[in-house]
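Have a look at this one before I ask anything.
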Amino acid sequence: MVIELFTDYTLRNVALGSALLGIVSGVLGCFAVLRRQGLLGDALAHAALPGICVAFLLTGSKAPLVLLIGAALAGWLATTLLLTAVRETRLSADSVLAIVLSTFFGFGIVLLTFISKSENANQAGLDKFLFGQAATLIAEDVQTMGLLGAAALAVVAGLYKEFKLLAFDAEFAASLGFPARGLSVLLTSLIVIAVVIGLQTVGVVLMAAMLIGPAVAARQWTNRLGVMLILAAVFGAASGVSGALISVSDAHIPTGPVIILSLTAIVLGSLFFAPARGLVWSTIRRRQQRANMKVE
Amino acid sequence: MSNVSIDHPVVIHDLTVAYRDKPVLWDIELSIPPGKLVAIIGPNGAGKSTLIKAVLGLVPTVAGTVSLFGGSYRERRQMIGYVPQRSSVDWDFPTHALDVVMMGTYGQLGWFKRPGKAQRELALRCLEQVGMADFANRQISQLSGGQQQRVFLARALAQDAQLYFMDEPFVGVDAVTERAIVNLLRDLRARGKTVVCVHHDLDSAPEYFDWLVLLNVRLIAAGPFETTFTSENLRKTYGGTMGAAIKHIEHFEEDRLAISVQADTKRPNGH
Amino acid sequence: MSSAIVILLTGVLVAVACALLGAFLILRRMAMMVDAISHAILPGLVAGYFLAQGPDLLAGFAGAVLAAVLTVSLVEALQNTGRVGGESAIGIVFPAMFALGTFVVSKYFANVHLDADAILYGNIEFAAFDLLYINGVSLGPQSLWMMSGLCLMNLLFVGLLYKELKLATFDPGLAAALGFSPALIHYALMTVVSITTVGAFTAVGAILVVALFVVPAATAYLLTDRLPVMILLAVALGALSAVCGYAVAIVLDASVAGSIASTTGVLFGLAFLFAPQHGLVARARRLQRQRLEFAVQTLLVHLLNHEQSAEQQAESAYSHLSGELRWHPPFARRVTDAAKRATLLQQHGDMLNLTEAGRAEAEAARATDLQR
C-alpha cells in the first residue's frame, strides 16, 4: 500500500492533495480557533459555492485559478457582510454566521441547478465542490493547490510573530502600531485559500472540521503556539493521507468523509489521552485525590 | 500647540470621545507633568479605560487633540508602554510567560523580524524585576491572577518606555503582589518615567500615587494629591453615584433589549 | 391538485413550521446549533432505514431525532470539558456525524434512495409524486400531510409553552426559581427543532432548512422589538419567501429550495439596509444627526468652559475652532451654523458668544453628564 503511494498515479495525487489540505488548513485553523472564529471557515466554504458558479458563468472556464478567484471574492464579500452585520445589528455572531452560510449556499444551489439545466455541457464537475472528490484530483490540481498552500504558509511563516500577537491580544498589537484590522483581513484571506483547496477534496460541508479539528487536537498536546501549528499540520496531513489510503482500497468509500472520520479519531484520542490535558488522566487524578482524602 | 507640551508627557486638549452616538468623554483638558505616578480615579463607566484607549489611538475621537511628549501617538509610539485590563485576553492561549513578555519588544522589532537572544534576555530581566523569573516557562493559564498581572507589567517593562498607561493593575491581586507592583512603580518613577494608572481603591491611592485625575465623563479635577484629593472633589466625582453612567447605558443600549445580557448567561461557553 | 400547487404549499408550510421556532433559536443563540443538527441527522436517518430495512418514514424519523439529541448532548459535553471552545465543539461534532452518514450511505447503501445532492438541497420538486397511502387508499401528497403536521406541532408547542419559552430565554435563573426547568425546556425545544428538521429535510435539504429557521426570524428581529410580533413577522416572511422563491425558481428553471433560501436572504438584506429602527440607513442618519447635535453641545460646553478665562479670546474665535476641536473647517461651519440657527450662539466678527439660551443649554448638557 505504501509503495503504491509512490507508483499509483491517482493515489499519489489524492494522497498529496489531501495531505496538502491537511497541512494548510491545520496551520490556519489554529489561528481561527484561537481567535474563536472556528466556524468562520464553515461560512466561507458555503459562501464559496456561488462565487465558483458566478466565476464559471462569467468566464465559461473551469480552470482552478478562475474558480479560486470567484471563491475568494465571494468569501471576501461574505466576511464583509458578516462583520458588518455583527457590528451594526443586534444579531449575535452565530445568527449572522448561519444567515450568511445558508443564504449564500442557497444562492449557490440556484446557480448550480441553473447551470446544470442550461445548455452548457461543460458544467459537469462543478457540483463536485459540494462533497469534494479527492479521487478526481489530477496532477495539475495538486500543483495549483501546492502553490497556493505554499504561498499561504509562507505568509504565516513571515508574519508568525504578528499573527500570534493578533490572536493573543489584538488591542496590544494595535497599541504597538500593528494594523490589527489589516492583519485580521489578511488572516481571513489565507483561510479562504485553505477553503478553496478543501472544496475540491472534502467539499463544502466537511471543510469546517478540516480547520477546527487539527487545531483542537494539537492544542491538547502542547502549550506552545509554534508546536501547536506543527502538530496541527501533522494531524491534518495524517488524516488526509490515511483517508486517501483507506478510500482508495474500495470504490464505495468516499475520500472526504473518511478523512474527516480519521481526523475525528485523532481529535478524540487527543482529548482523552494527551499527556497533561487528557480527560482520562484528569479523571484518574481526581479519583486518586478523592481516595487520598478518604485515607487521610 | 504650545511648546510647553514637549516636556509634558501627556497634554490632552478638548478631547471628546463617543462610542457610536454615546458621549463617553466630554471636552477633557488635561496635562500631566513628567516623572509622576498618576492615578485616574472615577466610578465604573466613567470612561477611564476609554481615556487611555483614546490617548493610544485605539478608539476614534470626536474632537480634540492629544500630544505625547509634544508629538502624536504615532510619532512617539516607541516611548509608550501599555498594560491593558487583565481580563481583556484569553489566558488559555498556548504560550508561556516569557513569550508574553517578549511581545513587549515586538513594537521595536517591527515587521517580520523575530525576537532573538537579546529580546529573550531583556524579557527575562523584566520578569526578574517583577519577581517572576521562576515562572518564565510556565503556561500562562497556570499562573494565578496576580502572577498574570505581573507578567503583563513585565511585558510593559520590556517595551522600555518613558510613559506607561496601566488599566487597573491592582485588580484581583493579593497584598504581596500589590506591594511588588507599588515598588515597581516607584522604581520607574525614580528612573524618571511617568506612569498613569487606572485605580479603584480610594484608601490606598494617596499612598501609592502623587498625582490624581478625577474623571466622570468630564474631567472633575486634576493635580497633586494634596490639593486635589478633597472630599468636595470626590463628591463631585462619585456624587449622584453612578447616575450619569447608568443613564447613558440605559438610554443607548435599550435597543439591545435585555437579550444580549441574558443570552450571555445562557451560553454554556460564554465569556 | 396540480403539482405546482403542491410544491408551493409544501414550501409555504415548511417555511411556516420553521419560522415559528426561529425567534427562540435566534434569541437563545442557537442558530449554529440548528445548522449542526441539520447535518448530523444523516447518520440517524441511515440507521433508522437500516433497522427498518428500507426507507421507512417512522424509523427514519426516530433515528434522526435521536441523532439530533445526541448531537446537542455531544456538543455540550465537549464544551463542558473546558478543552474545546463553544463554536469549535460544534465544528467538530457535526462534520463527524455528517461524514459518518455519507460514509455509511456510500459504502453500504449505494443503491438506496438517499441521493447525496438531495441531502444538501432536498427535492421539493417531487413533492407531488410521493403519495400517502393508508390501507391502500391514496390520501394525497405525503409531503403536505407531513408539513401540515409539523406546522400544527410547532404551533401547539409555541402556543402552549409560550410563557415558559419566553422566561427560559430571557431569564433562565428566574425560570428555574419558578419551577420551570430551563434544561427541560431547552431539550424540549431541541427535540421539536429536530423533528421539524427531519420533516423539512426531505423537502429542502440540510442547509436550506437552516435558512428557513434562522433568516426570517432574524429579519423580523430587525423590524420589531416585541416577541409576539417577531414570531408573527417571521412566519409571514417565511411564507412570503416560499412564494417568491418558487416563482423565481420557475422563471430560472433552478432549484426551488435554493431560490427560497436566496429569497429569505434578499428579504434579510432589505431589512438590514432599510429597517426603520435598526436598518443601516436609519442608523447612519441617526448617527449623523446625533453627531451634529453632539458637536453643537460640545461647542457650547467648550465656549462655556472658557467664557471667563483669560484665553477666551483664543478659544472662542471662530477661526480657531478647527484647530482647537480638531474639526474640519466645513464641519466646524456646519456646527456653528446649526447652533446659530437654533439661536444658541452669536458671532461677532470672529468671536463666538453664547446666547442666554446657549448658556442654559451648555449648563444643562454639563449637568446631564454629572447628575448631582
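The letters A, B and C name the chains in turn, as written, and every chain counts its residues from 1.
Throughout what follows, contacts are C-beta pairs under 8 Å (C-beta built on N, C-alpha and C of every residue); 3 or more make two chains touch, one makes a residue touch a chain.
Predicted, not measured: the structure shown is a model, and the values here were computed from it.
Chain-to-chain contact here is organised exhaustively, every possible pair of chains being in touch.
Across every pairing of chains, the maximum count of C-beta contacts belongs to A-C.
Rounded to a whole number, the gap between the C-alpha centres of subunit A and subunit C is 25 angstrom.
Averaging C-alpha coordinates per chain places the centre of subunit B 37 Å away from that of subunit C. Residues of subunit C in contact with two or more other chains: 29, 85-86, 278. Along subunit B, residues 255, 257, 259, 263 each make contact with two or more other chains. Shown for subunit A are the residues that touch two or more other chains, namely 36, 90, 92, 219. Those residues of subunit B that touch subunit A in the shared complex are 53, 56-58, 74, 77, 80, 82, 84, 88-90, 93-96, 99-100, 103, 106-107, 109, 111-115, 139, 155, 255-257, 259-260, 263. Taken together, the subunit A residues at the contact with subunit B in this complex read 34, 36, 90, 92, 158-162, 164-165, 167-169, 171-178, 219, 222-225, 228.
Residues 26, 29-32, 34-35, 39, 78, 81, 83-88, 90-92, 94-96, 98-100, 102-103, 106-108, 110, 116-117, 120-121, 206-208, 210-211, 214-215, 218, 221-222, 248-249, 252-255, 257-262, 264-265, 268, 272, 278, 280, 283 of subunit C are the ones that touch subunit A when the two sit in their complex. Of all residues in subunit C, those touching subunit B in their complex are 27-29, 76, 79-80, 85-86, 89, 169-173, 225, 277-278, 286-287, 290-291, 294-295, 298, 301-302, 305, 324-327, 366, 368-372.
Subunit B contributes residues 13-14, 16, 18, 20-21, 23, 26-27, 29, 61-65, 216-218, 220, 235-236, 239-240, 243-244, 247, 255, 257-259, 262-263, 265-270 to its touches with subunit C in the complex.
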